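Chain IDs A, B, C, D, E and F follow the sequence of writing; residue 1 opens each chain.
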């Protein structure tokens, strides 16, 4: 285990992230231009979608069916488990509980990418249709948590159509779902002409990912100051909830017949908290939920936790559930 | 023919473009940051120029002379044919007719790139000096059309020097002409050290092109609403004029001794409408020409038409004129 | 010598730079979006640091010790030599003399990169720890020159801590030092997964460098108009001072046991003038130093001089001092 | 030349609010608006945006009445929960008829 | 401290017009200007720019006379055909002499 | 609805000055500020920035007293050596108490 942890902590991604945090800690004003940061995330999501689509074309319905079902199941369980924990153990208000739950019910694409890079490095090639599962997990959790929040907090509901539209036409969905479809349609021959640029195992993708993680570190570092504002309970929540959801993901994934690599990635998805799709949706739907809570949790606690130590743990869990020595 | 069309419609470029349009149709707010979009177009033009220059160094004067002459000829014919069609069949005003004509007299570099990607995919390697022809076709048409417009509409003329300066020092010219010269001078050995990054047949160039086409789709999609404003005549004009100019290009290109690939590309150039160099020039010189007309035509009608169905047709035409089975 | 010069002047980097200058001279309004320009410089510095770190892991203390010492020595000598020349031969005020000296006491990373590209092209592979030396040379010169300036001009001192913080947490330092550490830690295996993207001898790095040099040319060209403002003395200073510092660097580098390639690069560093770290530091610490002087000198005179003719000269000098035929 | 005295309402708010605000302003009678992206600091330090402190500035030139409507509307709906600032200033606008 | 009451003319127009406007403003007596890039919506919906709705805002601080000249000039030359807005507002400027 | 008449101090300066200015403004009593990045031209043509002419605009809404303090402060410390402009304008701010 320690060996795996060490390997992960010394990976370019992890170190680039740490460097970013450190830069903020020493109060450096350095940061990637906003447009470059956005450009990188567009490139990463688009690559993910394209390659996912190409590989999806090889998958049979039977292979995907059960993993898809458990993924949707996770999308329904995690927002509720997070909500209940916050509301009844943490004694948080309706809005805050539901708002935070929306983040843990959804998924962080970068955590997904970090997990896939990790398992591939470990030689545990995941199923090609994992990006498809990613798109399935993106939104249900957000809607469930917000529904709970809107019903139970007094907050004036906004037209659901508006919210649905927001989430389904967001950057992540357009690039991932769009990429999946495009990748599915172009076929191997076309793919080969662009693969080196988009290949998520390739040097360009990984190089871009390092730069992106550097900025992620800067963003997380910028929120370190808020750690004291969130208090001990949320601090613990931000690390224990992922472990619980991760274990669930590893277990259900294995049940559904995913390989160790695939189960690890499903675990990482379940454990991760969204910080792109969820925040604006929550901000608009539950205005009285405190953004400092959910942003600090997903960006400054859960994201680093998963990338630095969580993923190796989920890998170990997946190995254990599948009885791999 | 259908086969060729299918192949083209399933190419990454075409699908990325369609995805962009669809994203706008479902009212997604996603778009590439302006700076990334500009950065991509700079990279694409610069690559085009550099490689064109390297290959130009191999061409003899005799090879280029006749293709260059017909290109300039096309630069003189197309703006006039477009102007007359609009003025006398379409009954449009002087300013609008000339303004639109300026766009069809010039060329769209992205259409050029799409065509070169297509013919190379078809195994019909075009002449290495095609980018040189592209630079020749860029500006004459604009000047001719604007001259007509200024003379015939009452619009107060601005110093021609100003207009010339504008067009000749624009982004496209600097990068294409500049790239041609640099590529011409550095020679094979230097080129080989940067080729994988700039090679217009390489994965990086094509990958970047996909992202660019995605944004092109978003821009075109954003103008779909204006389609009803332009009316049926312009709608037809935006698809029939390219066919006419395309046929002319394929025919003249073949006469000038270009290969099927080269003739197809010359046809695509002739058929294409500029949307980078022409719009500002027209806006400043013919203020009373309606931008909705010329922008919708070149971005939302002629560009998609050429990229999706036009280019394969020009390819077929080139094959026929050259008696290729 | 002429041959080497010709080779250098026909390199993609040099020509891209010249193209940028020309574009400005013909009053083109073209330029890279600011964010793309910054993104490129981040990528270049980060690559430099990473690869430097990977190679640093191979170097023994003994190999680095003496080169490091002479580098720091250069960091102490060059600001003083520059200051004295300006103050007593040039009769410039305290603030201007010290302000300009701060630029020549520091280093231009792009000149460093141009030099490394040049010597590698010449087959004179430099030591792997050169980027480490680059970080050593970045700041001492700035602090020494500013200290002189603050002491001798009446200008109100600002807290040194503030200045130190500014310089040590700047973009260049974060990316170079950070990259060195990350590269040092990840090791060969991880490095190989991202090398093609970051390899400073690779096509991506060199391709990006060309685009960056194009913008550098535009920036330099934009300052050509200020050349007459700086007057003949500074004009000469901007070309002779680099030669003196370059000779010093080549000599000390050879003494310290650097190869011809390494000594050439140390010379180029010594000869170069900073235009990223130094300007803001000087602007804040010596407000009455005229920015037109130091910016025009480093961007429009010394930088082009080094990139176009200086580096080949330093190479020749290094060969001579080391008795290479 | 003749210019009309009108009000310019300036709103500085979290980026997520842009679309909704623009729709609401049109509803309240604004004929158009100018938007600038910037950053800032105030008393409330957190936003639902990955770039902390970034905000969007929406300016709209309107009649006095519409200005009052807008100020009343935003005070009621946004001050409590959002990072939000709104102020009105006097402007003399060319072809003012266009904006009322 | 003493500040001078002056006018600030604000122009929001299509990006293509920037260079020409700046030259003309200088000609009319402006000593400088500040430029911001933004976006917007008005009554005229189309621009000759690939990014729809993007515009450039040119602000110049000038004397009352110059302000009038500028407003008259732009009204005559740009309102008819371009996406264009111009207004004047009062500002109290430090070292005002610099701007007249 | 009730809004408070306050002053908005607008500073347009070289980007290098941003951090220092923001700290000083807070020190002089500003409760917040809005920042926009732009470009411009004036009488002084050179900056310590690689993108010539780029500047940063810092706006802060404050009481009349604080406005005077700020104007006095910047006039003393920045006019001599920096590319710098500062002006004050009147604004009617919602929930004005927040800014004084």
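Definition applied: a contact is a pair of C-beta atoms (placed from the backbone, for glycine too) under 8 Å apart; a residue touches a chain by one contact, two chains touch by 3 or more.
Predicted model, so just to flag it, every value in this text is computed and none were measured.
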Shared touching partners of chain B and chain D are A, E
Note: chains that touch chain A and chain B both are C
Between A-C and D-F, more contacting C-beta pairs sit at A-C
In terms of mean CA position, the chain most removed from chain A is E
Per the C-alpha means, the centres of chain C and chain F lie apart by a whole-Å value of 35
Per the C-alpha means, the centres of chain C and chain E lie apart by a whole-Å value of 41
Chain-centre distance (mean CA atoms) for chain C and chain D, in whole Å, is 47
Chain A residues touching 2+ other chains are 29, 33-36, 39, 204
Chain D residues touching 2+ other chains are 36, 89-90
Checked against the stated definition, the touching pairs are A-B, A-C, A-D, B-C, B-E, C-F, D-E, D-F, E-F
The chain F residues in contact with chain C across the complex are 14, 16-17, 20, 45-52, 54, 80-82
Note: in the complex, chain C contacts chain F through residues 34, 37, 219, 222-223, 226, 275-276, 279-280, 282-284, 287-288, 290-292, 295, 299
So, in the complex, the side of chain C touching chain A is made of residues 33-36, 38-39, 42-43, 46, 50, 165, 168-171, 174-175, 178, 181-182, 185-187, 190-191, 193-198, 204
Listed in rising order, chain C residues that touch chain B in their complex are 10-12, 15-16, 19, 22-23, 26-30, 32-36, 39, 121, 202-204, 206-208, 210-211, 214
In the complex, the residues of chain F that touch chain E are 10, 12, 36, 38-43, 55, 57, 68, 71-72, 74-75, 79, 85-90
